[in-house]
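Shared between the two complexes below is chain A, which has chain B as its partner in the first and chain C in the second.
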Partner chain A sequence: MKPEVILHSFSYLTRAAATTVAVSFAGIIFGFAIGALVCAARVSRRPWLRRAGAVYISVFRGVPLLVQLLFIYYFLAEYGLDVPAIVAAVGALALSSAAYQAEILRGALNAVPHGQGEAATALGFSGLDIWRRVLLPQALRISTPPLISEFILLLKASSLVSVVGIAELTRVSMNIASETYRPLEAYLAGGLFYLAINLCLAALGALAERRLGTPSAR
Partner chain B sequence: MSVSLFWHYAPSLISGFAVTILCWAVGGALGLALGFAIALIRRLKLAPLNWPIRIFIEIFRGTPFLVQLFLLYSGGPSIGLKLSATAAGVLGLALYSSAYFAEIFRAGFAAVPAGQIEAAVSVGMAPLDTMMRVMLPGALIAAVPAIVNMLIILSKETVVLSIITVPELMYQVQTMAAETFTAFDAIFGMAVFYWLLVEAVSRLGARIEARVTAYLAQQGAPA
Partner chain C sequence: MAAEFAARSPVQTGKTMGARQMKTFDKLAWTRREALERGLAAFAASGAVFGFTRAALADDTLAEVKKRGVLSTATEMQFPPFDISDNGTYKGVDRELIDAVAKEMGVKASYLDLPWTSVLPGLEAKKFDLCIAPVTITKERMKHYAFTVPIADATAALMKRANDKSIMKPEDIAGKAVGGQKGTSQLAQLKAFAAKLPKPVEIKEYVDNNQASADLAAGRIDATVNSLPNLAYAANQRSDTFAVVLPPFGEPTYFSWVGRLEDKSLIDAINAAIVKLDEDGTMASIQKEWFGQAVALPKTVPEPTI
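Up next, the complex of A and B:
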């Protein structure tokens, strides 16, 4: 064991950790936007929209993330779209996470008591107001802890984007391993960074749970 | 998209599929056994073992599977652990899943009503009998849905083994793609194949679940 290997490349690793967090965060934000649309399709009154939402979820939860990532990567190349690899990376994380987030949001919507919507209707709220003032605020509150769990899962999954050459934590650990011939130390250091970030996120999740009084779905 | 391409590479694709299934089955079985052992040891409530087990679970659930694989496969030789890619892959799957299975079994044991255990003790059952005849059946049935779910997740993780050159299906497909310059066709075929596979496994899992927990529905007891 030569811990100085890690100390020498520490600043390199912290920058890579920042990239990992940024890529995952972008994935979760875009994933939330897409996931909200998929969830809206899933609870829509139109059967074909419900069917389309279900197919989306089944495909993006069924196909392994690495296959999705390479598919998007090669798809962009096949159709001559010259975009940087980061677009494929964030796109794959977002599309895949959207399927999980859509289910989290749907579960949260179902958890809002039925009587609430009915009471709002009885009081003469308009359809939009029922969503904006009654259903969405409560659903978002219920879904916060499971969304943080999803963020942890996505952060771990983001290690796969090293395959398309993004200089995130896993890729940088690989580089350090091949430059120093010290793979054990390099991957231990990378792993510890992931662990530290995830423990912070888990603490955030526990805090959110206590504050909001909703159980996490971990 | 040419079907003849897949036909031409059929032998290597089939061998890749066999390796995928083998890694999944062996890794999953070892992970289940190890996870179960960890859950049992935790029940003994031996103070010196509590922390190491908690740290083990946190480490394997808190770091990416890919990093764990690299650590085993490239880091292992530095501490005298020389493994072939496939052995490292199977061991990686086993260790990774064992952390999740340990938590699943723990929850399963917690789901056995305390009254049942008290009843077993009061009718004079030996501790081992209480375990084998009362706790285990109850815990296993409560854990079935989560076990099935984890095995499905694990089947998707086998794809990651291709990165450390385990000759499983994804690896063979990428070799084919590189040799024939058909990256897009190959990966598209792969995506469809995996989707169908995971769909089939999920359906099968749902049936097993329904079968094992059928008696609960009859009694109307909560699962």
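Up next, the complex of A and C:
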């Protein structure tokens, strides 16, 4: 073991970790927005919207993220649509994560007892208020643990964006390994950075659960 | 792309018009329509104009580079001593050479770090102008890419563990396990070489050279294959662990940079700059700095031997 290898490249690793965090968080946020829309389509009363949501989920969950990335970055360029690397990276992460997030949200909505919506209707709540005050708060509470897991998975999957030339954590660890011929030290350092970031994500998740009052968090 | 297409169609129209024009001569009588066609044909036959424009448009990367003032390049920065990312700073033979070439051309170079599998697709998708990853010149690759004049020796050689006395010459790998990077010409040469040995060689293919050298250090394989300059540098960096098996076993081959086939003027300009750097001693000083010795390189793109 030669820890000085890592100390020499520490600022390089920190910058790469910042890139990983930035790309992943952008992917998570856009993914959540798209995922919420897809979920809304999936539980809509209109059959064509339900079908469109299902098709979206099948496609973006069924095609590997790497293929989606290469498609957006290289294939579209062949047809004159030159997507910048960072847009391709965040876009692919968001589009694919949205499919998973939509299903998590749908599962959570289904887990809210049916009687609650009926009771709210009986009490005279309007349709919008039922969603806003009864269904969504509970669904969000139920979906927090699987959503955090999805965020952590996405953060780790973000290592794939190096194929479009973004210097994220895994890529930089590989660069350091090849420069120093010390793969063990380089990958260990990269792994520790991922662990640290994901522990923060998990802590944020635990905080959110307490705020939302998820029963098991008490 | 659209511009190229627009420019191409008049040339093709010119050809068909030319054929029709012949017919009208046969008949020796011009209807109004034929007169119109002939007029159009003459217009297209000023032809050189279109042909010229088309060539200029398809081949305008050099002009575009000069206008931008930036030659955008890409490589995989995991190929010491050619491409190294030292604490985020791009270093190595390619960096020094492309900087000097760009200076000769009166522009600045920009560099993109891409995994090897993305470099050539990125070149074709016009995400950058030139691939400065050292690419071994092979017959197959020459059909798809425009090679510059050689920038380094690429002859395939083997590296073993420093303490391994059982491999003293390349033929000693018979019956042993050897690894190399997938899709490289050095790995292809290893396969051809191994086929001629008395005992079969177990060949393991890796995504990149790091993993091969990591497995060599860990004892999972007995040797790795790569170009001689790469191995010499690696063995020098970790002389306690690795040693080069001499002589190199492969056919003499060279590394070049590659561009798109249609960017002929850009490649010509880069070639002129490389030859000039070779003549004024810049190339030799870069070679001495990174390889420890200067090696003479061909001044034209050599016929590939593999």
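Just so we're on the same page, the second predicted complex is superposed on the first by the 193 of 218 C-alpha atoms of A that agree within 3 Å, B and C clash if a C-alpha of one lies under 4 Å from a C-alpha of the other, contacts with A are read in each partner's own complex, and residues count from 1 in each chain.
Definition applied: contacts are C-beta pairs under 8 Å (C-beta built on N, C-alpha and C of every residue); 3 or more make two chains touch, one makes a residue touch a chain.
Please read all numbers here as calculations on a predicted model, not as lab measurements.
Participant: With everything superposed onto chain A, say whether chain B and chain C fit together or clash.
Facilitator: With chain A as the common anchor, chain B and chain C collide in the superposed model.
Participant: Touch check for A:77: first (chain B), second (chain C), both, or neither?
Facilitator: After superposition on chain A, A:77 lies in contact with both partners, chain B and chain C.
Participant: With both complexes overlaid on chain A, does A:167 touch chain B (first), chain C (second), both or neither?
Facilitator: Second partner only.
Participant: Given the superposition on chain A, which partner contacts more residues in chain A: chain B or chain C?
Facilitator: B
Participant: Now for A:90: first (chain B), second (chain C), both, or neither, which partner does it touch?
Facilitator: In the superposed model, A:90 contacts neither chain B nor chain C.
Participant: With the two complexes superposed on chain A, say which partner A:183 touches: chain B (first), chain C (second), both, or neither.
Facilitator: A:183: touches chain B and chain C.
Participant: A:23 in the overlay: touching chain B, chain C, both, or neither? Say first, second, both or neither.
Facilitator: neither
Participant: Between chain B (first) and chain C (second), which does A:8 come into contact with in this model arrangement: first, second, both, or neither?
Facilitator: second
Participant: Considering only the touch criterion stated at the top, classify A:130 as touching first (chain B), second (chain C), both, or neither.
Facilitator: So A:130 meets neither chain B nor chain C here.
Participant: In the superposed model, only one of 91-99, 217-225 or 253-261 in chain C has C-alpha atoms clashing with chain B. Which one?
Facilitator: Of the candidate stretches of chain C, chain B runs into 217-225.
Participant: For chain A, what residues appear in both contact lists, the one with chain B and the one with chain C?
Facilitator: On chain A, the residues that contact chain B in one structure and chain C in the other are 70, 74, 77-78, 162-163, 174, 177, 183-184.
Participant: Please output the residues of chain C touching chain A within their complex, sorted ascending.
Facilitator: 1-2, 74, 77-80, 84-88, 112-115, 117-118, 121-122, 125-127, 208-211, 213-214, 234, 237-238, 241
Participant: Okay, in this complex, where on chain B does chain A touch?
Facilitator: 58-59, 62-68, 70-71, 74-76, 78-79, 156-157, 159-160, 162-163, 170, 183-184, 187-188, 190-191, 194-195, 198-199, 202
Participant: With touch defined as at the start, can you tell me which chain A residues reach chain C in the complex?
Facilitator: Per the touch definition, chain A meets chain C at residues 8-9, 11-12, 15, 70, 73-74, 77-78, 80, 82, 162-165, 167, 171-172, 174-181, 183-184.
Participant: Touching residues of chain A toward chain B in the complex: what are they?
Facilitator: Per the touch definition, chain A meets chain B at residues 58-59, 61-68, 70-71, 74-75, 77-78, 156-160, 162-163, 170, 173-174, 177, 182-188, 190-191, 194-195, 198-199, 202.
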